[in-house]
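Next up, some structures in structure tokens.
Heads up, the next two complexes both have subunit A, just with different partners, subunit B and then subunit C.
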Partner chain A sequence: MIYNLYIFDKYGTLMYYSEWNRLKQSGITKDEEAKLMYGMLFSLKSFVNKISPIDPKEGFLFYKTNKYALHYVEVSSGLKFVLNTDTTATGIKDFLLQLYSKIWVEYVVRNPLWTIGTPVTSDLFKTKLDEFVRASPLFGPKII
Partner chain B sequence: MAEEAIFEYLHSEIVSYTLNKEGDKENDLSALEYIGYTTGYRIIERLTREWPRFKDELDTMKFICTDFWSSIYRKQIDNLRTNHQGVYVLQDNAFRFLTRLSTGSQYLEHAPKFVAFTCGLVRGSLANLGITSVVTAEVQTMPSCKFHIQVNRG
Partner chain C sequence: MVIYGVYIVSKSGGLIFNLDHNVPKIETERTESYPLSYSLEYEPKKVSVAFGQKDGVNVGHVLVSVNGILANGCTLEDGRDIKELIENKDNYPLTLKFSRPKMTTNEKIFLASMFYPLFAIASQLSPEPKSSGIEVLEADTFRLNCFQTLTGVKFMVVAETIQPGMDVLLRRIYELYADYVLKNPFYSLEMPIRCELFDTNLQALLEQVEKNGIASI
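This part shows the complex of A and B:
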């Protein structure tokens, strides 16, 4: 099951946020939440790389609690995709890379009205992203 | 599709550059239209070299809708209409410069900026084929666009 998605750029600006099956809210504003999230990712990334006893290669990939898993994918341009799912979901990295090339590149990068470095406001992107996420087998409620 | 992307990005930069440069003259699309005109004029020279001379005006319009459009936008015009009095309406249901913008009315106010170049392109091409015209565009719901061609017969 997919809960929510954050997209950050390389400077930590929240480019886009969307949620689907989120049952518990953080109780702080979305702005604060995004800053908190980015701060944690930044720290986790540097922690993982520092503490790694061998070459960390890709570094931080995901973490899991007993209730949810947070998946992290960073592309070469520094764009970061953060997806929260239930703990059984697999193949998230591929899913996020597909989302990047089929939705982000197509409907944000190729939209002449998007200004580089600003949050995405295009309805078309929103629609396409929502369709893409809902069409994924990962989306559905967990079958127990 | 690298070469398509580069044409798209260059076009969108030309749009924002020419419009920002004008400063106080808001929404002056004439510079864009003129760039389109000269581009169209030049394109025709090479594109028609394999073609026999066109029979008449309608024949020329058909060429614009099919081969000309395909070579630039990788698709043909979806609908061509005329009143046989020198007015032609070319409808593209998924006009390239609009497909990434919206599929509804969001950003509709920006649409004219992204069709001005193409209006010029069509006018320039027709000019080099011996047809003087005025080309305007109409966008009601993106990404669909209608190009109105009014031929000047004088």
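This part shows the complex of A and C:
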């Protein structure tokens, strides 16, 4: 089951946020939540790089709690994709890389009306992303 | 089966126990000619590789020794300045030894207290109600398993990524903690654990797990 998706740029600006099956709100504004999330990811990255016994290449991949899993993919330009799913989901990394190449590059980067560093407001992107996520086998109720 | 380390963090986020078990030593020694193919960064406390990794010398590695003489911050043991030495063409060829930086005890305490808010934020940002904190954290080089007891003490094991049954091991360590630390009349809660019996039993447990697998405990 896919809960929600955050996209950050390399400066930590929230480029896009979307949610599907989210059952609990954090009780703070979306703006503050994004900052909290980015701060946590930033710390996680440095934590992982320091505690790693050998030289990391990709670094942090995901964490799991008893209720959900947070998956993290960063592309070389510093764009970060964060996807929350249930704990049993697999193959999220490929899914996010597909999302990057098929949806982000096509409908955001190739959109001349989008200025780099600003949140994405394009409706086309929104619909395509929604379609893409809903079409994935990862979407939908948890398989137990 | 490789276990890299065990950490125990108290309820208030302080590191009370740490054991480095099987940390691989990453060192490379190379004889270099002028000019160096990578660029170094000179900081007051260390000289590290800033750009251009090759043959096992990676970005972030620190300079350990020059021509076999140990480096101490930005100077050598014999008092010579490293920057001058390396940037002078006449000194070449030089034998440089680099290694992945080792964590000092201070850094470990720092990291342990850093995990505490991460654990808390993970449960706050949860999309499902009543989520716990981080239980498994995975990177490409290791996996960290965390087990929090009802009293708030966190046990963490850093191991190889493909390692099932770490939760069983954590519970065993908790058992050892309950037996040898909490029953020790000289131990005060929230303080660093210095109990010989705990050390030896934990060491024995880790060795047993590494040799015979998790099923043996």
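Observations
Note that in this section the second predicted complex is superposed on the first by the 144 of 144 C-alpha atoms of A that agree within 3 Å, B and C clash if a C-alpha of one lies under 4 Å from a C-alpha of the other, contacts with A are read in each partner's own complex, and residues count from 1 in each chain.
In this section, contacts are C-beta pairs under 8 Å (C-beta built on N, C-alpha and C of every residue); 3 or more make two chains touch, one makes a residue touch a chain.
Keep in mind that this is a model prediction, so the values were computed, not measured.
Once the two complexes are overlaid on the shared chain, A:F132 sits clear of subunit B and of subunit C alike.
Between subunit B and subunit C, the partner in contact with more residues of subunit A is C. Legend: residue contacts after superposition of the two complexes on their common chain; A:Y17 is shown touching neither subunit B nor subunit C. By the touch criterion stated above, A:M37 is placed in contact with subunit C alone, subunit B being left untouched. Residue contacts after overlaying the shared chain place A:S122 against subunit B, while subunit C stays out of touching range.
Contacts of A:E106 after superposition: subunit B is touched, whereas subunit C is not reached. No residue of subunit A lies in contact with both subunit B in one complex and subunit C in the other.
Within the complex formed with subunit B, the residues of subunit A that make contact are 106-107, 110-113, 122-124, 127.
Residue ranges of subunit C in contact with subunit A, taken from their complex: 4-5, 23-24, 26, 58, 60, 100, 103, 107, 111, 114-115, 117-118, 121-142, 144, 158.
Residues 5, 8, 11-12, 15-16, 97, 100-104, 106-107, 110, 114 of subunit B touch subunit A in their complex.
Contact residues of subunit A toward subunit C in the complex are 3-4, 19, 21-24, 26, 33, 36-37, 39-40, 43-44, 47-48, 50-68, 70, 84.
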